[in-house]
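Each of the next two complexes has chain A plus one other chain: chain B in the first, chain C in the second.
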Partner chain A sequence: MTAIPLRPPRRLVDLTLDGEPVRAPEDSTLLDACRAAGKDIPTLCQGDTLTPKNACRVCVVEVEGARTLAPACSRRVEQGMEVRTDTERARHSRKVVLELLASSTDMSTTPRAAEWIEEYGAEPDRFGADAARVDEEPKVDNDLYVRDYDKCILCYKCVDACGEQWQNTFAIAVAGRGFDARISTEHDAPLTDSACVYCGNCIEVCPTGALSFKTEFDMREAGTWNEAAQTETTTVCAYCGVGCNLTLHVQENEIVKVTSPHDNPVTHGNLCIKGRFGYQHVQNHAQNRD
Partner chain B sequence: MDLRFGDSKPTDEERAAIDALLGPPESAWEGADDRTDTDLRWARGGREARERRDLLLPGLHALNDRVGWISEGGLDYLCRRLTVPPAEGYGVATFYAMFAVKPRPATVVHVCTDLACAARGSAQVCADLERDVGPAGSAGSGAVWQPSPCLGLCERAPAALALRAGETPQAAVVAPATAGAVADAASAPHEAAAEPPAVAAVPQTGATSAPLAGGDGLVLLRRIGVVDPGSLDDYRAHGGYAALRRAFALGPAGVIQEVTEAGLVGRGGAAFPTGRKWSATAQQPDHPHYLVCNADESEPGTFKDRVLMEGDPYALIEAMTVAGYATGAHRGYLYLRGEYPRALRRLRTAIDRARSRGFLGKDVMGQGFAFDIEIRRGAGAYICGEETAIFNSIEGRRGEPRSKPPFPVERGLFGKPTAVNNVETLVNVLPILIEGAQAYARTGTDTSTGTKLFCVSGTVARPGVYELPFGATLRELLELAGPPESLRAVLLGGAAGGFVRPDELDVPLTFEGTRAAGTTLGSGVVLVLDEGVELPRILLRIAEFFRDESCGQCVPCRVGTVRQEEALHRLKDRTGAAAAGDIALLREVGQAMRDASICGLGQTAWNAVESAIDRLGAFK
Partner chain C sequence: MARNRQRNRQQKQYPRLTHPLVRDSVSGELRRASWDEALSRAAAGFRAVTAAHGPDAFGMFSCARATNEMNYVAQKFTRVVIGTNNVDSCNRTCHAPSVAGLSAVFGSGGGTSSYGEVEDTDLIVMWGSNARFAHPIFFHHVLKGIHNGARMYAVDPRRTSTAEWAESWLGLNVGTDIPLAHAVGREIIHSGLANRAFIEHATTGFEEYAAHVEPWTPSVAEKVTGVPAEAIRDLAHAYATAERAQLCWTLGITEHHNGTDNVRALINLSLLTGHIGRYGCGLQPLRGQNNVQGGGDMGAIPNRLPGFQDILDPPIRSKFERAWDVVIQPRYGLNLTEMFEAMEAGELRAVYCVGENPAQSEADTEQAVRRLESLEHLVVQDIFLTRTAELADVVLPATAGWCETEGTTTNSERRVQRVRKAVEPPGEAREDIDIICELARRLGHDWKFEGAEEVWNELRDVSPDHFGMTYERLEEHQGIQWPCPSTDRLEPTYLHSRLWESDPALRGPLAPFGPVKHDPPVDLTDDAFPIRLTTGRRLDSYNTGVQSGGFASPLRRGEYIELCPEDAARYRVEAEERVRVSSRRGSVVAPVWIDPGLRPGLAFMTMHFPDEVDTNSLTIEANCPIAGTAEFKASAIRIEKIPVTAVRS
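So, the complex of A and B:
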């Protein structure tokens, strides 16, 4: 049975998307309207379970009469709005944003990044070999997950998921300013000395792979990570009575990571440490037991 | 909220500094040493403490003022007192340039290396300091010096500011600065020579006084040097509080109508009609309403608000009271930049005296209107002058701009309707009320009414704050200030502004006139550069400024300002065809910053460089 969340009926507003008249519920975003119309707008800091910080600016579109471009992920639809998603100006900003990101961070594990870079004709190398990079070493300070901030684009999603939008643990925040800003615990202490409860809900929302299971990180290092060879099985967590959904990612008969369906009406992709990381008993093979 | 705190303990000094601000902790939940029986039965803190989150920034100041830096134990204690997650507290502390989270000497000397000071020899001061005391950032003999963005002392450039932490924190302004004077101030800030009075920054009143272009007297500056900035009686003897009296006679709607009819527009740079802002705030059904005075004057080359606050502090207090009355706010926050010790001192005194005499408080002037003002000190972040970043900063969060809509008039400070105005804008309200809207609007042009303060600095004979009616030309202003023999360019509007050429001096100094000429008045910066200037170096300094001051929230600005600076580094010694590639790169990055950044900082970070390339032919 799928639960259908009930909402009060919403008024529809009329707007134009790339010249086509469309109707969208009031309070929906331009991104919702674009997606409903089948338009593919790139996004990074937007997530289906979070209110976006609209920090990445890769989803910008042109709104008639506005001085600057608008982030589709956050701007609400308005009656009579004329929106263009594919103008030269919008494409230019998306291209430059991709170039700026790819020239300063490692986007090798960001889904769709390579595709967008090609689509927008971005050339991250044009800033030269001396272009400043984030230059961070992976932080491996616990057995469960790794923070590789060389891949971090500062989308704020992990901070929001750890903090007031989901977990209310507040173990991490943005520290520093400008190009030196980083996601950090207090005084940059290791996670084991922080408020982290290892729910892994930050990994769930990370759009670039900067946060990953230790298993995934190690397998990538060893060159054995192979997503094509993995199966995904959604099941119910056996630990307590809440009944959270787990999606087990299995490669060669080993669980390599655990995610949770974002459309679950109760948990929205969030888990606790047990559901997220407590799967060893399932594969406690005889040869591992010694 | 179940927060986890570390084991670090504050020192006695740190604890005393925080307790002096917040009062002693009421329970072990808030960091008291001894756990009582009640503590074991009732949890304290929680929402009540969290609602004091806006005291985080004052708390960080308290620690920094007392010991010179923010230690783990000190931050932990402060966070515990306010129920702020330590990670967030750390994020806020590391946001501000005036704070350090690593040990450093008690005395920190900020040596301005920004545009106006660079045009008057700050490089030499830094070179001498490096030779005599050691490189920037290296601690020696109880003090450390560091280069700083504009300190707002441009009329006395080059400038330095020495701050010493301790039980009684000390501040000394050294301007004009020499390496020797800086070293002396660092070793004994309390013995530094007294600053010249604020009026010294207003050449139109001095012995060298030149008549005003319009023949009128000074309006906004008329009391500077005339009244004693410490005396409420003197202020009243010079027309003080007549405007507030008139405001009470007109009623809030009447005040807004006068301000609207006077055509007053914001002087902070965006030129938004003040009457419309006030009326939109006043009409909001949500309560309470707040007033924020933006005194975070940080645009390089701007110092007019400092002169107003130092020379005529009661005028700002009165103007804020009028604004609060008009917009239905009972509380005003005066967000003052952290680098203005004298303005802070004078405003504190003025607010205390106004309160004790019934000009602030529960019943202002016996009219049944309650209004009070709280000063909040910035801590070295240009971005906090952005109208929504200022809210986050006051609320104890990182000073990152919010996305608009919603606009401040709907959801501003603490999520409530807020009018946020620049100091100069507010002070204009006094002559509007005293003279009446029509008389006020007779000065200036149809769309830029009244007078404007200009901060003239660089290579002129008489740098300082000038007040001219809107519509005077740049040439007239420069004549007053004594232009250099061989003028190379004038930077209008500061780092976010644009350059104009010597053959463009007849541009009328109005919002519409400068816009038509493809430049901007901005905050009133007029930085004069003579032929001796190395333009590529100035542009590089502007790029460094934006790189340092970007909050880092959005990608176009966070990385774009770095790429802009890198390109200008490469361009330093290049011209013509060798420069073409990097200029094209700058244009592309600049366009994306302008179009896609969240706030005005990123949107304008390329303006000055673009105008130098297009109008001055830089790198040709």
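So, the complex of A and C:
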């Protein structure tokens, strides 16, 4: 039987970033190298636990000698590479990407979107009032998740997390073409009639809040969601013996959301339904019968 | 045939305990009490029983869900304050055979490899394990391995969602794991695929083992196990020829009356092929509770002191006697199963039960409740008023270990990880360690710990395997796997590389083959009870449901008796029809669910909804003589239609 080869140790390669010499492990990406050097490159479809999909193009940089701009999230470092991260051409490309996305989808819950729109001078309104928008009502068909495709930028991260990169449940995929493309369950059935196992690993990777926990969705609707007042504490799940690390997001002494550190060797940011949602039992604070 | 219909069921929700409760007379109700009153009563009861009947009339049920620090203090309370070794936890109902089997062969009861190694292996055998449901994030590592090119074999009576990912599913009859393992071993030997060099170098008892497995030809094994001879051969060749192979198991191996023998039968295969002590190779029992590994490591078991050190070893005992300034009984205490038997005999009269629910989790629950009721003094410390707590004389409200306290837990790959306080506990609930120390103080031991880290450091001083794990390092490395004897280096992710050392001194004790014999399930099927019932877990629920009942799972559908389509037709029952399910011990009514993954003669139930359907009133209390684990996985039942008495309108 064929043995599965083990990886040899990685070597370091030399390259320059904006003229500065840096070293990065072979097989790492330009984005890894940029972040290691303290450069802030915007990303949306990139996920630290996922294979790059190159869907959004907001992270593009210029590589000396290349005809086109390179997505930093997927382009690997090479010996002697000369990379420029902040050229006029790269900045212009990022600006247009942000304009197109923000004109068609609701980016109000996308972390840092407003900051980038300002930084790159993007004007999402410049396509006029007739610019096509998704305009869909949030899908609330179960007690745990909400899917608000008005906020979806079709980055495919949820599909990859649900599919063969992590969960291997394959409950969702892309349906439709062009502007009508949507992330969908089979036959667009409610989640409760789909293959979904409610692990929440799609929500863990969603960059825009299109997928959210119902606790967060309801609190946002009620105007009580307040991230500034939340604490995040990483502990260990109380169910099986696998020992998944849970980050408990707590607001006013109530657990309101559960995530997992993406660099954790046990979970890589993934959980199951029990770890993700099974915390309610500690919060049943009703007084006992005496 | 009617279709199975998913019902979104809400389960009984247990409110948190927020203040202590006491009972004034045997027939009285539990009433609210102050902490001082409750603690004084709890202590007085323990004092009275041990004064009259000696320390061995006391038993501690420690908690496989609480932190290592709590388990350390609980076992210290048992050994120092009371003076007995009667301390155990619900590891007895699940993986005690794994610990017993592994420590008998290798001297250490932990799984031998790490999750990450499963991704780098060539062959994965999932034996009696539906990890896809019961250990979903471990199964992510298995899936990575499969995508990397590893082949996976599933051995399970049910064609589970784990088996759906397998190269081959070996659907064996319940309780025939030893014949199957022996047939695999015999095939490996007869095909010349045994790792002779490793066997001679690192093991003992091979000749006897070979003689033992000799009768189990693939065709004989096919008759007993129901697995086609060709599939047995295929598994044998795949396992023996793999460069690296992982053998993983769960309760399908351990929850039998001969669970430890089952574990030994699997370990034999790793010795036969040398799939042990190397990167990517090993044995992984997947533990069922967040800290069932740690509870045992901390000495909250009747035969080991903290650090999994043997009580019978005089230098070890005297080390602890010096550290604790106490005389430790030089013999093993009673395990959980034996404690229940001692209640029956009137020898065990007081129990301190921390975070366990044996009134619902033990096999043959009616018997368990009767025995608990016979106690003179029962103190239950929990976050809920469980069925067990309802029987108590004193109920002490505790904090939820995983989110309301600081500490550590130890997972299935021996990784000790930090647990942190994220929320304030409700009402007057107090931390387990605080409560135990209060009781110790009332019983004459002035214990004081300035937080969990002080407990941990005390443990580090007496446990070489944990010495190198400071809280600071645990934080830095996102947990550290034991053994970790040094504060300045980390050990390999796998155990027992010593077996490959050429220097006999470094190699240490050789690993013995276990010449174990097939012994079919105790509860035989016959004309009166023709169906084999096996039990297990579902994805979204957990054990007795006290914890998992709290959230609104869209997957939850309540308890069912699950049958294959052939049996449903044979007994003329339909999906959703309520039927009577009876064993030689009890009888319940449950609706029918049709699962084509079951085979004729095999039924399945969970233990998640005991308030609706008490599955464990059907199961048999037939215990593994070595580890004390009951045979939850094999009961004989019959199914009867319920006569329609009401007139339909």
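Things to note:
To be clear about the criterion, the second predicted complex is superposed on the first by the 278 of 290 C-alpha atoms of A that agree within 3 Å, B and C clash if a C-alpha of one lies under 4 Å from a C-alpha of the other, contacts with A are read in each partner's own complex, and residues count from 1 in each chain.
Going forward, contacts are C-beta pairs under 8 Å (C-beta built on N, C-alpha and C of every residue); 3 or more make two chains touch, one makes a residue touch a chain.
No experiment lies behind these values; they were computed from the predicted model shown.
Looking at the shared chain after the overlay, A:F127 reaches chain B, while chain C stays out of its contact range.
Judged by the touch definition given at the top, the superposed model places A:A114 against neither chain B nor chain C. Looking at the shared chain after the overlay, A:A55 reaches chain B, while chain C stays out of its contact range. Within the superposed three-chain model, A:A229 lies out of touch with both chain B and chain C [touch as defined at top]. In the superposed pair of complexes, A:A37 makes contact with neither chain B nor chain C. After overlaying the two complexes on the shared chain, residue contacts for A:V282 are found with chain C alone; chain B is out of touch. Shared-chain residue A:N168: touches chain B and chain C both.
Common to the chain B and chain C contact sets on chain A are residues 168. Contact residues on chain C toward chain A in their complex (touch as defined above): 6, 8, 13-19, 21, 31-32, 65, 115-116, 120-123, 134-138, 140, 143, 147-151, 165, 238, 241-244, 279-280, 286-293, 383-385, 400-404, 409-413, 415, 417-424, 426-427, 478-479, 539-540, 542, 546-555. By the touch rule above, chain A contacts chain C in their complex via residues 1-4, 6, 142-144, 164, 166-168, 191-192, 196-199, 231, 233-245, 248, 250, 253-255, 261, 263-268, 270-275, 277-288, 290. Chain B contributes residues 1-4, 6, 72, 75-76, 85-91, 94-95, 97, 101, 381, 398, 403, 405, 547-556, 558-563, 566, 570, 585, 588-589, 591-592, 594-598, 603 to its touches with chain A in the complex. Taken in their complex, chain A has these residues touching chain B: 53-58, 60, 68-69, 71, 74, 76, 89, 92-93, 95-97, 100-101, 103-104, 126-128, 130-132, 153-154, 163, 168, 170-181, 184-187, 189, 193-195.
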